[in-house]
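Heads up, the next two complexes both have subunit A, just with different partners, subunit B and then subunit C.
After this line comes the complex of A and B, so read on.
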């Protein structure tokens, strides 16, 4: 249903296929029709282009257009066979390497890499020079020369497949190597390999013509496009038009192959070919404050929509919420509930292809439906993401990244920014803060990175902190400590926090108020005590609570009762 | 150890047991001589935080990690002393279920094809094993007609149940489930937990259940092994470990669970 909507033939693919069909049709039809004009010797030598022969005639009085059309067949056949040799043997070598035992594999990969480093055309030239020149030689030379390159690519793809869980499982089930290759490995690689084959075809076409051009390929009386180019050399100054025919044909065929390859690639990954349409924000940057609205964040009727197959698909269906100053509001929900979309819309960071609308979307005095001033935005809202492993750039030291906001938006000098940051790191429990500033992100543990993230949020003294699953990637013992930092931030700095989580236990412990979301709607608003005592009214919330296993330690519970 | 027979006797009804198992990644030693066992019909939880070595141990048991020293006994046979073909047979008795339900099934093969491969890795076809596949699917609350579908037609929880079905079809002595509920939404996680509990009922299936979620471990496991930095710090019946942990670290872990009785911010 949805599949059918995807255009099967994109313009590029269509053009490529048509060009290719024309070349194939030429190769089939042309030789019997124009062989006479192409091969018969006449006295009309070196004729300029005329109505009868568009590209004139050659030194033997043969029609140049006819010769190009006839030569297309041989070039096409040679290229197809040579490419097939490269692709088939390349796949066999690449897959076998990955199915071989570890040590053999390492050796083979090194040998393969050395072979790849050697240019294919030179390899082909050597092979062609060793064997007797001729069409078969050219095909073998090009076919063999292309094997290492394709084998290397196949081995790379095979490596990805061999690391996937389903492949490992099949291997440990005892599936024989040959079946592993045909059932699991090659089907998984088929699509990229097919696309790469078109590239191989295009390069082989050019290089096989080059072989004939230098005289190591097709020999007289046979001729292909490359040898036609060679023939045209003799008369290059007197009859340059002779070179045009074969040149155009070679370019046309390789362009056709490239178009087909690009088209297939675009079909395989529709996202890569998607046109980017930026969202048009609303004009006014300042929010109209309703009188008496004390809340820091006010959201009324927030609707977020994406598009699927050209149709509008609403993901968040009219949410109302507010966050008071110094309040911790939790949003809890399962995947697809729209909790992250809601949070990112409040931060003004919804993806560009999403459509964000609402009656009101206000943070402080900023209208987040418009384009607030960057400096004000940076000082009002800070964000903490789920994965502390990807929030920092791996190539910059922590210090440079942590002090960035202080330097660019708050006008602090380098040294002063560093001093403030070191203090902040220490305050959130980062050990050896001075040293951490000089370290790269990978040198810190996940918990340390997430604390550093919180510290960088603290220094700008934001009114609102948006934390999207900030402790999900952390171990439980680290999580407690990071949660304590959130609590402290609110208690000491009066920062309001929007805390997104899938973990009911966490929001119940940390938040002042909890919204339960499901499928883009808020189904219930709860106080943490209500969650603890299970006084919930909505059936979804109840089922959610029932689904979560709760730790019950009889011993520990007794201790608490005695307290 | 005096002799092979004495060792076999000591293992008793353990389906899998490790003795001083050491695993090294290059120069780094990640398991420092771990000894543990899973007895027939028991579900043993292997809990710990990241870097504790719980997954490393699990993968060592199924043969995905090389054991540098120590012994691994599967069904009373020591793996390192077995011949190549015997070892292959032994490793088939421990079936691994990976964490990510989205990568554990080949997207290009039907569920029936995937399951048939578990029954007979060489010549298994869905047609030849229709009945067993249907049984396996029904045991995991799926419909026999699902065998004709592809993985993308199923939810994460359903896929995880299919992966368990595949492991069961091999009729293994031990199922090694590596964080199989961790990538799932809570309601889906609950469905997988219920399946596991049902599986436990007949008391025949032995399982090593790796998880970082203590509440889930408490729900599912008979025994719990707590790991820290490549060593076992606590090992005992679930009820006892959660009621009165002997190790300080276990206590700390328990107190760190939000919503749990010992938690405070």
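After this line comes the complex of A and C, so read on.
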């Protein structure tokens, strides 16, 4: 059920607005009606709840419900004014900073940064200390304390706006700074600022009540929700019901502000909520393992589907393929052709939100549609990824990551695993292997990282290696060398390789057989000689061939070190 | 292992260029310079602001500070104690010297030195704030990570909804309302914990929980969002490709990479907790800096107000720096500009 139109008011926003309306209505209507019951001293002290007074009476015989209703007005007024001070002056300061010349701006931002780190409540305390406690002081204190925070978010937003094309254009056209701010910048920031204002409102409400609660806000004989809660604290042993009213009212308004803020944010940024698609039970194809099949990998009718806007969207439409032992199979196609999805499905590593089905998906003796043993998987299939910049965790040293399989699945000790890995690194041309093991990934060049990846893939002597665009992110000179490593791996270890690439030139050099994929289907199967002599039949393959210059003969001199 | 053992491909390598090892070029030195400068700036602002508290008092500061109903003699004493008879710049100089010699005068209320009054309260606030942060991290990191892992790829959507609703709701309840509720239920009705004071160790529990629960919700949500991003990273796929157990993947490959964001925010939140401490310490009668500053404001004890506000400010600023240092140790790239690229 894709919805083209979204409701004007989301449920959360509606609830928030209703709660908020209730609080405002209370603040307007209630005080005149119940002022007597709230403020008149009577002898009915500490009465338990009754039909007349739902929450009983306080130490002065005043009705607790009536007092909460009256206090709501003062709290609301104080909160609104203080929030307005924070927001308006925050926007003014934030925009001014952004329009200021470079140096001034830098300094102002730094000062703002340290001001924001300073707890607002303590800033408010400083102001309360100067102006002496009271309702007006509380408003000014909270209002001023909120300025730096709002100024900073405004400055951040202003930066985004000022990077936008139309703003740069306006600036080039010589629009004066003030006009730039009022006509271009502020309108562009209006919606996020409105959303942030609800946060300011909630924070101010909570903290202004906190000021009164600790005795530094509203003073007797005035009272707001915070001071009522403070009064109730003294009576907590004898008349605990007194705390209920102010507590509920504060939470109610705070929740209302939260709902309104979240609702507005959701309206402003209607990220299509990720639809929840129940996963289908995976087809159990174990029984379908063909006997006497010589191929290492056998794929029949592989279908991979994701979901978009809550609907199933098939991305790979029933692929058949096989890879023999010690064979290098290439798959070429443009991005989005489904070649990587196919490879990752064979590896059993399709993303969580994808649904993989098929009549058969077998690697060696393992049914990849089921759940093969991790140790066997790790030793049978090695995978090399496209971007060596992101394939290693930035917070672990290379050595720790490269020896994972050796230690976890092959029962090697730490020292032995390191020794084996150092040898493997050296064999694929990684310089200073001992040192590399102690380095973090970001300390290595892309080529070094990819060689390291290959080394880690090699040490398990896998039956199948899946290489997903392993050379795309590398310099051309490094590419040649990496490709040579693959060839050697096959020649010397008898490893079968599934080589994914969008570069038909690279594939024809390396592969024994090439599949051309397009839009989730295999459109053509070729021998490298056919590619070389351009004996291709499918127009898509022809266009791929036309897109790349013919690669000169292999065996070119390699440049080993690129950094 | 034929391929591994053939070392034929070894080739001599070029020596990579290294920046001259001058002090300012060392990443830690530059880091210290930048952070030290930032700290000095914040400190200067704090000194000026706390100094201004007294001169800015409305009307005659001495009259205000002496309190209502003070005699002429008391007002004169106050004037002298605050050095108000001298020119503003001289006052400021004396204030500045006082800070660096840790001689900031005497408390009006108790007669002890300001330094003693302030530093005797520091351990109590430190205790509660550090405990709260530890508890917050222990609760929120596993919670946020757990929810991210359980719901990834759109599974178990209900967990997500429950988590969002719960964290929003708990966050919307102010800590002092929560504290009031806990005092009533856990201290008065059930008698499990003392309702206030700092006499026994278990008196720590309620204030700590009251302070950390709200921030824990924020951090849990941050951790969840961050974990969702990290779970989609290539290196997590690599680790899964090595067929490591989910536990090992999450602990070694997801968790450490969460720390940068989480710790950055936790530092800010710890600074914010100093504000929370003001309220919570007052509720529970906890003899820390927060209660100290509130009492001092009510009693117009200006030397103590200045002392505590200054200390709280320095603490807040130092916390941010400490977090930056921890981040730089966890991941040297956070030093800003590494020597390697």
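Heads up, the rule we're going with is that the second predicted complex is superposed on the first by the 357 of 563 C-alpha atoms of A that agree within 3 Å, B and C clash if a C-alpha of one lies under 4 Å from a C-alpha of the other, contacts with A are read in each partner's own complex, and residues count from 1 in each chain.
Rule of thumb we're sticking to: contacts are C-beta pairs under 8 Å (C-beta built on N, C-alpha and C of every residue); 3 or more make two chains touch, one makes a residue touch a chain.
Quick caveat, the model's predicted, so the values are computed rather than measured.
By the touch criterion defined above, A:503 reaches subunit B but does not reach subunit C.
Once the two complexes are overlaid on the shared chain, A:175 sits against subunit B while remaining clear of subunit C. Ranking subunit B and subunit C by residues of subunit A touched puts C first.
In the superposed model, A:442 makes contact with subunit C only, not with subunit B. Legend: residue contacts after superposition of the two complexes on their common chain; A:125 is shown touching subunit C, with no touch to subunit B. Shared-chain residue A:104: touches no atom of subunit B or subunit C.
Within the superposed three-chain model, A:18 lies out of touch with both subunit B and subunit C [touch as defined at top].
Within the superposed three-chain model, A:28 lies out of touch with both subunit B and subunit C [touch as defined at top]. When both complexes are aligned on chain A by C-alpha atoms, subunit A residues 560 touch subunit B in the first and subunit C in the second. Residues of subunit A that touch subunit B in their complex: 164-170, 172-176, 179, 183-184, 187-188, 334-335, 446, 475-480, 483-484, 487, 502-506, 508-510, 532, 543-544, 546-557, 559-560.
Here subunit B touches subunit A in the complex through residues 49-50, 62-64, 88, 91-92, 96, 98, 100, 103-106, 108-109, 114, 117-118, 121-122, 166, 170, 185-187, 189-190, 193, 212-216, 218-219, 242-244, 252-263, 265, going by the rule given at the top. Those residues of subunit A that touch subunit C in the shared complex are 110-111, 114-115, 117-122, 125-126, 128-133, 202, 206, 209-210, 213-216, 229, 232-233, 236-237, 240, 243, 247, 250-251, 254-255, 258, 262, 274-277, 279, 307, 347, 349, 351-354, 374-375, 377-378, 382-383, 385, 387, 390-396, 400-401, 404-405, 408-409, 420, 423-424, 426-429, 431-432, 440, 442-443, 458-459, 461, 488-489, 492-493, 560-561, 563.
By the touch rule above, subunit C contacts subunit A in their complex via residues 1-7, 9-11, 13-14, 16, 38, 41-42, 45, 49-50, 52-53, 56-58, 64, 152-155, 157, 168-169, 171-174, 176-177, 180-181, 183-184, 188, 195, 233-245, 248, 252-253, 256-257, 259, 268, 271-276, 278-279, 282-283, 293-294, 296-298, 302, 305, 309, 312-313, 316-317, 320, 330-333, 338, 340-341.
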